[in-house]
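When the chains are written out, they are named A, B, C and D in that same order, and each has its own residue count from 1.
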Amino acid sequence: MGKNRLEAFSDGVLAIIITIMVLELKVPHGEHSEDLMPLVPTFLSYVLSFIYVGIYWNNHHNLLHATHRVSGGILWANLHLLFWLSLFPFATGWMGENHFAPLPTAVYGGVLLMAAIAYWMLQQLIVATEGEQSALRHALGADWKGKVSPLLYGLSIIASFWSHWMAQGIYVLVALLWLVPDRRLERAVRQEGV
Amino acid sequence: MGKNRLEAFSDGVLAIIITIMVLELKVPHGEHSEDLMPLVPTFLSYVLSFIYVGIYWNNHHNLLHATHRVSGGILWANLHLLFWLSLFPFATGWMGENHFAPLPTAVYGGVLLMAAIAYWMLQQLIVATEGEQSALRHALGADWKGKVSPLLYGLSIIASFWSHWMAQGIYVLVALLWLVPDRRLERAVRQEGV
Amino acid sequence: MGKNRLEAFSDGVLAIIITIMVLELKVPHGEHSEDLMPLVPTFLSYVLSFIYVGIYWNNHHNLLHATHRVSGGILWANLHLLFWLSLFPFATGWMGENHFAPLPTAVYGGVLLMAAIAYWMLQQLIVATEGEQSALRHALGADWKGKVSPLLYGLSIIASFWSHWMAQGIYVLVALLWLVPDRRLERAVRQEGV
Amino acid sequence: MGKNRLEAFSDGVLAIIITIMVLELKVPHGEHSEDLMPLVPTFLSYVLSFIYVGIYWNNHHNLLHATHRVSGGILWANLHLLFWLSLFPFATGWMGENHFAPLPTAVYGGVLLMAAIAYWMLQQLIVATEGEQSALRHALGADWKGKVSPLLYGLSIIASFWSHWMAQGIYVLVALLWLVPDRRLERAVRQEGV
């Protein structure tokens, strides 16, 4: 009930987030390569965030595909997730403009951490609604990626002030972890033959 | 007739409003915590407005779910609501940038008030189209939240010039009132078994 | 064939146009009423353009509702219409910021004129595809509004340099003409019982 | 499976890209024609990019219409395409603001080239999923446009540093090539009678 509109609204917000992030890549005034160079860190942070939003869209897509009932609580848990994702353009822009300096790197990690927690809460709520015997519950299994990611984000926040390049390395690593498609949910969807 | 496209268009506008509000959170030039501090009021006003747009999306979702006929009048009442909601980014940004000063606080209340009136007009029009015996009409009942909110907004506009913190308190209070899910409409939808 | 995606894409573009127009309403730096005053012309031009985009969305909605076949030509005629509508935020912002000065007023009229011509071309193409005996063709009838509007826009472009308030008056007048719902197409849709 | 949501998300991103490009057309401060003149190159580059995004939307529409299965790989190939298209506003704005200077012209060509490669990869993946005997495979035929376009973009990138007007001429030429509707896919769709 209302699942389609929830998907449509989430897709709309995610599409806007992924696109307005590029507005932080400000058009430089000069026409030479030295005018373009200062934008390289902003471009790299844009690439990283684009992949992260893509991962969230992908996982969200699979999660909602395996969802059959949408309650008021799920609507708000979804909005809570979208709230933290909406801070990606800000965190990305700040990190890029300051060439991956410690504090912006830590703040970026904080936004990643909160988004991961919000996703986990949404997932828990949906699992609780679907039931312990649901195909979704079985498909998630131990959900080690979902458990390890927040730990790694937490680690990288601390690492930011010690070695911000190590923190960046962790962000890239977690993105790679998730880029491997989440076969669990795809399998659940296939088993049901929805 | 045309209800789906009305929902899709409204969702699109609401998704954009909720996302471009974050653009008022301008990326600071420095990389230190003292560069981030001046953004705290803007961030807080963003959180408040995000919740308000979320509430409107949620209620709008339930209201249209219980709607069966869409007339030209309903289309325009809906656009009228979207107009006032489209002023949220401006009002939010102005209030945040000026640290909740009296006039911006009052203007923010004015936008909330006009949006509440526009929502009420849309609801009245839909109820009139659905008929006095409709499930929607019964579900709305006395609609005390819909009646109390504009009064509280009006009160807080006046309070802004006397104590702008009291006005902010009222805005938070009304948001909390609505965060409690609108069981009436959910019930109506369930009764019909749509 | 593909009509739904054409509607969805057009709705997306129109939703974004109507919402980013409000970004021209720049948040002022001061917190007093004298900081808000210079924004009044921009606000008024925003209201006018919001109504115009609303009218286009409404008419586009009815036109496509009565459409059964979508050809490649119709896709491009639709994109051509969206192109001119996408210039609304620019024209609106320029006219507002310059307090309805002659040239910005004329340019605004030029964008309105081109959008009207693009809409007329789209309508002609759809009518040609639907056939002379279609419900749509009968419903449009003499289409006096569609014929008079471009003439009035042309008149107001000329009038801009002589009396820009008269030009503004014509813009408001045409908007009012269209605000009266387009009963012809609603009737056509109803007759078919789609 | 999930094709509708893939289309909806892509449409959302394309709608936003095509619309935020116009934000590079900054509202000038003066009200006279000499204030408008410097915007002519930006306007022309906007027109070119609008047509390119329109072509991508059109082709993407036809390609997905002929697609029956969506895998995780296709989702990511689609996001990869959207990534390069999301750089259109930046490349367009930089080229326009610098009056088609050599380096911005070459960078614009680079974004066109990468988008063309990403589209080709998406198409290959869909063809591989659909199978060699699919209607889509037959419809694509030799796909000479898809093969010639990247070559022409590569040529124009080199030409940029020698004669940037020649490079612009190639961009316009390729756009014209694609503006001729892609009858192959339309035919495939028609043959299947989907």
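In this text, a residue touches a chain if its C-beta (ideal position, glycine included) is under 8 Å from a C-beta of that chain, and two chains touch if they have at least 3 such contacts.
Everything numeric in this text was worked out from a predicted model, so none of it was measured.
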{"item": "When chain B is superposed on chain C by its C-alpha atoms, the rotation angle in degrees, nearest 5", "value": "90"}
{"item": "Same or different residue numbers at the chain A/chain B copy interface, by half rule", "value": "different"}
{"item": "Rounded Å distance, chain A centre to chain D centre (Cα mean)", "value": "26"}
{"item": "Interchain centroid distance [CA atoms averaged], chain A/chain C, Å", "value": "37"}
{"item": "Per-residue multi-chain contacts in chain C, two or more chains", "value": "8, 12, 15-16, 20, 23"}
{"item": "Chain D-facing residues of chain C, complex", "value": "1-2, 5, 8-9, 12-13, 15-17, 20, 23-24, 72-73, 75-76, 79, 82-83, 86-87, 89-90, 93-94, 97-98, 101-104, 107"}
{"item": "Chain A residues within the chain D interface of the complex", "value": "7-8, 11-12, 14-16, 18-20, 22-23, 25, 27-33, 36, 47, 50, 54, 57-58, 61, 65, 179, 181, 186, 189, 194"}
